[in-house]
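Note that subunit A is present in both complexes that follow, paired respectively with subunit B and with subunit C.
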Partner chain A sequence: MNPSLKLFLALIISLEITFTTHLTGNILIIVAALAYLILSRVPVTKIIKPLLITLIPAAALFSTIAFFSPEHNVRFAWVLVSRLYCYVSVGAAVTLTTPKLDLIHSLEQNCHLPSKFAYGFLAALNLIPRIIQAVKSIRVAGEMRGVTLHWWSPTLYFKAILAAISWADQLAQAMETHGFVEGAPRTAAQVIPLRKVDWACFVVILIVIQLILIALP
Partner chain B sequence: MHKHTFHLRDIILLALIAIIFGVIYYATGFIYNALTVALTPVGYGPMANDITIGIWCMAGPLAGFLLRIPGSSFLGEFLGAAVEMFLGNQWGAANLISGVVQGLGTELGFTLTLYKFYNWLTVILTSLTATFVTFGWDWFRNGYNHFAPHMLVVMLVVRFLSMFIFSGVLVKLIANLLKRAHVIKR
Partner chain C sequence: MKELINVHNLTFSFAEQEPVLKNVNTVFPAGRVALLTGPSGCGKSTFLRLIAGLLPKYGGTVTTGKIDFNGQQPTVGMLFQDPLMQFALDTPRHELEFVLENERVPRDEIAGRVASALSFAHITELADRQLTALSGGQQQRVALAVVIARQAKILLLDEPFASIDEANRHFLIQQLDKLVNEQGITVLIADHDCHGYQQLHPLVYQVTGGQVQQLSPTNSQQFLDEADCIARQPLQTQLPLADDIAALALDEVTIGRGDEQLLSIPRLKIIEGKVTLITGPNGSGKSTFFAALARLLPYHGNISYLGTSIQDFSRRRYRQELGLVFQHANDQFLNVTVEEELALSKKNGTHPYFKDHLAAALQLLNLTGLEKRVVYSLSGGQRKKLQLLLMLMMGQSVLLMDEPFAGLDQKSLQNIFTLIHQAQKVRPQTLLVISHQLAGIDQLVDFHLCLTGHQLIYQTGGHHES
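This part shows the complex of A and B:
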């Protein structure tokens, strides 16, 4: 399925289940999303990890609603737990099956996201290892002067942002000297197709989900 | 100021700032889980969310103070959520929705000042709007409408304090440093 359509489908589902309280519907969505992940040959360990991490907020929500709220509404507590797992499984069904480059290219080509956003974002994303390194060196440099920079120290952010400003300037200049022009028409080396099949899939899944959410309790 | 559009450099910078906040917060990410575990037995488990929310929302106000373009706070917050999604945070695509909600919340505070002044009043306004918008979202998302009324009041106050301390005071202190370094123009 086309990456952008897949993303929009996940967003629509996530929004919709936020405002509905159908336990069976939520569970069916979770099962479908997990089945899709397994069929897409995503390693099982990668699927299980987010599910395990979610146990903590899920348990907290459940116990608060079921034991500490005035109504002790156990069914609603289960709805909330299933809702959290819907977010996680539907979200994973997009992020674990779609390479990020494909998704950004698709947003640019199929959804007309301005290229400055697509490539600006990608440029920043690729700097992540350097940012981690920079934050580490700022901290170590502080330690050498006997200053401990905690995560709540304004100085830590200040120094990191100064580095970010110079990187942003340099990167933008580098991209422009290599011929990147904001808003200019571009050709694509990797074309992401948006076929009729993709649209058909999108519409069918959307209709099925509406039916599930309306028909099931 | 006649610079009212985002250029390539601004977009890279906003994304970089979002990543910086993400990287620094990641190291303290255990706080959320530890708080949840500690608060659950007394029935306040979901309050971990209210205590830490100000930390999650720091990138937005900072972007607003730094670039001073309408929309920069929203964009800073949204790009932060997008980065989290791409890094494989457990919420996946749902991150984008939270990003939109938090971005709207912080942006609204700057809108109320008509993008004219950037002082402590702005800090209070963005903290207030961010608190109410995100609380409204959690009302539906996390079933806050089922909580006991006194608990809701406590959570709302705690959320505001968290927003004010982290997304307000801490961000303003960083912005002051940036201003003294002449990085923020005007």
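This part shows the complex of A and C:
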């Protein structure tokens, strides 16, 4: 399916379940999303990881609503937990099956997102590993100068932000020296097609979800 | 000969500072190589960035004059000092496609031009690797491929070889020669280490005191000969003796990066109170070796410090014993101004030499009068010198230095050697130095380790940099 349509579908589903309290519907969506992930041959470990991480907030949410709310509403607790898992599995169904660059190209070509945003976003994503590395080396730099930096130390954040600002500036200069001009027309090495079958898929899935949410108890 | 770049009466300054360039008048002929040289902080980089059009757009102001390209608008390509910071995408292929899309190359021509640019830079097999996983030398090759793909008419190189090895330097210079001779590209190189440029027959320009002066042909030749001569001097080092005391001892140590085994060291000792140089090709694992010694990376086997396994020290205690001078000076700083940085090292540092001689050290490194400056606003060379001083002041028994001399000119280098000598006399530290800058370094180092074929081996006599 076209990456942009896939993203919009995920956003629409997420928005919709935010305003419904439909346990069966939520579970069906989770099952469908996981089935899609498995059919797309995403490694099982990659699927399990986000699900496990979600367990902590899910447990907290469940116990709060089920045991500590005035009504002890267990069903509503399950609705909230399933909603949380809906967000995670639908999100995973988009991110784990779509290469970043395809999504960016699709947003640029199919949705006419200004290339400044598309590539700015991509560059920011590519910076994340560097930011993690930077935070580590800032702590080491501190220890070697007799300063222990805790996660709440302002110096740590000051340095990280400073690094990010200088990277942003360098990145802008790098893009410019590689011929990128804001708002100028560009060609495309990879054309991301937006076919009729993509639209058909999009519409059918949306209709099915409405049916599930309305027709099922 | 036709001039391509005309600089008329150019004055440029960064916010509220002395002008970096003052009324510069000069020309650069088309289809030639120009080599800009001068001490660190003299304004070489600034000048290139002005020509590239990055300045004053990204800071500073032009108060008088202008640069013109004979009324044309040639494509200008640039190679930066920090190779990794010039890419927006994740792999060489994606970066090249991005560049060609920017140039509005029709889709069916893109694949062909990507392929020929990759092959020119000899990186076809690296096309789909992550850029972050490539060594500095490989990244500079990708940057060169970008320039080729764009078919730039002017190529600017800002200390492009500061931290890459001799083999990559040689390769890149050869490819530059091809570009100039076969395609008539105009090349401007800012560098302070000017060896190996003879084959490009460059016009030499001296940048000092805000001025850019072209040297006469005789002076140019003499200058290039001298640079080559310094670089050719072999390193004179000796092997450590069997009864020399080891500060660090390695026993059956293996260190990997990802799936690949980088180092395999059966036995090795690093001698206490001495300076040991480590050389080796790019990407061979020199920085990885430091990371393992500093307990920043896992390793197999045993590494001990003065007889005790380094894992038995508490983290805090270990950092007081062993310091690491990062490759990038910015990573070392914790405060905003030079004054604050110095105060922190003064407060927590233990090196006795700097208790009495700090002012002299600042003077020697040409850092006096900069106390109120924000550290990040200093020039590359000034930052490097300040970083080194701050870490020497801390006085750890062992100091690992990763490319501490990159981007420094000969004079600054000499002064740093003097400073380290004086400090070593008062309190000998065990210094381990990774460096590609070998010119004149034998007056500093006692021993020389070379990393080849996953092994670290002590060298004697002439150096074995590949």
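Note that in this section the second predicted complex is superposed on the first by the 216 of 217 C-alpha atoms of A that agree within 3 Å, B and C clash if a C-alpha of one lies under 4 Å from a C-alpha of the other, contacts with A are read in each partner's own complex, and residues count from 1 in each chain.
Quick note on the criterion: a residue touches a chain if its C-beta (ideal position, glycine included) is under 8 Å from a C-beta of that chain, and two chains touch if they have at least 3 such contacts.
Here the structure is a predicted model, which means the values were calculated and not measured.
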Fit or clash - subunit C, subunit B, common subunit A: fit
Partner chain(s) touched by A:Ala141 [first = subunit B, second = subunit C, both, neither]: second
First (subunit B), second (subunit C), both or neither touched by A:Gln190: second
Which superposed partner A:Phe180 touches (first subunit B, second subunit C, both, neither): both
First, second, both or neither for A:Ser63, with subunit B first and subunit C second: first
First (subunit B), second (subunit C), both or neither touched by A:Arg75: neither
Subunit A residues touched - subunit C or subunit B, whichever exceeds: B
Subunit B versus subunit C as contact partner of A:Ala172, first or second or both or neither: both
Contacts of A:Tyr87 with subunit B and subunit C, given as first, second, both or neither: first
Vertex subunit A; arms to subunit B and subunit C (CA centroids, nearest 10 degrees): 80
Subunit B versus subunit C as contact partner of A:Thr155, first or second or both or neither: both
Subunit B versus subunit C - smallest C-alpha distance in the overlay, whole Å: 6
Touching both subunit C and subunit B, counted on subunit A across the two superposed complexes: 100, 119, 123, 155, 162, 167, 169, 171-172, 175-176, 180
Contact footprint of subunit A on subunit C as seen in their complex: 52-54, 58, 75-78, 80, 82, 85-90, 94-95, 97-107, 110-111, 114, 132, 146, 150, 294, 296, 315-316, 319-320, 323-324, 326, 330-334, 344-345, 347-349, 376, 390-391, 394, 396
Touching residues (chain side subunit B, partner subunit A) in the complex: 6-13, 15-21, 23-25, 27-28, 33, 36-37, 39-40, 43-46, 48-49, 62, 66, 79, 82-83, 85-88, 90-97, 140-143, 146-148, 151, 166, 170, 173-174, 176-178, 181, 183
Residue numbers on subunit A that touch subunit C, as the complex places them: 100-101, 119, 122-123, 126, 129-130, 134, 136-138, 140-148, 155, 159, 162-163, 166-167, 169-181, 184-191
Subunit B partner contacts - residues on subunit A that touch it in the complex: 7, 10-11, 14-15, 18-19, 49-50, 53-54, 56-57, 59-61, 63-65, 67-71, 73, 76, 79-80, 83, 87-88, 90-96, 100, 116-117, 119-121, 123-125, 127-128, 131-132, 135, 151-152, 154-158, 160-162, 164-165, 167-169, 171-172, 175-176, 180, 182
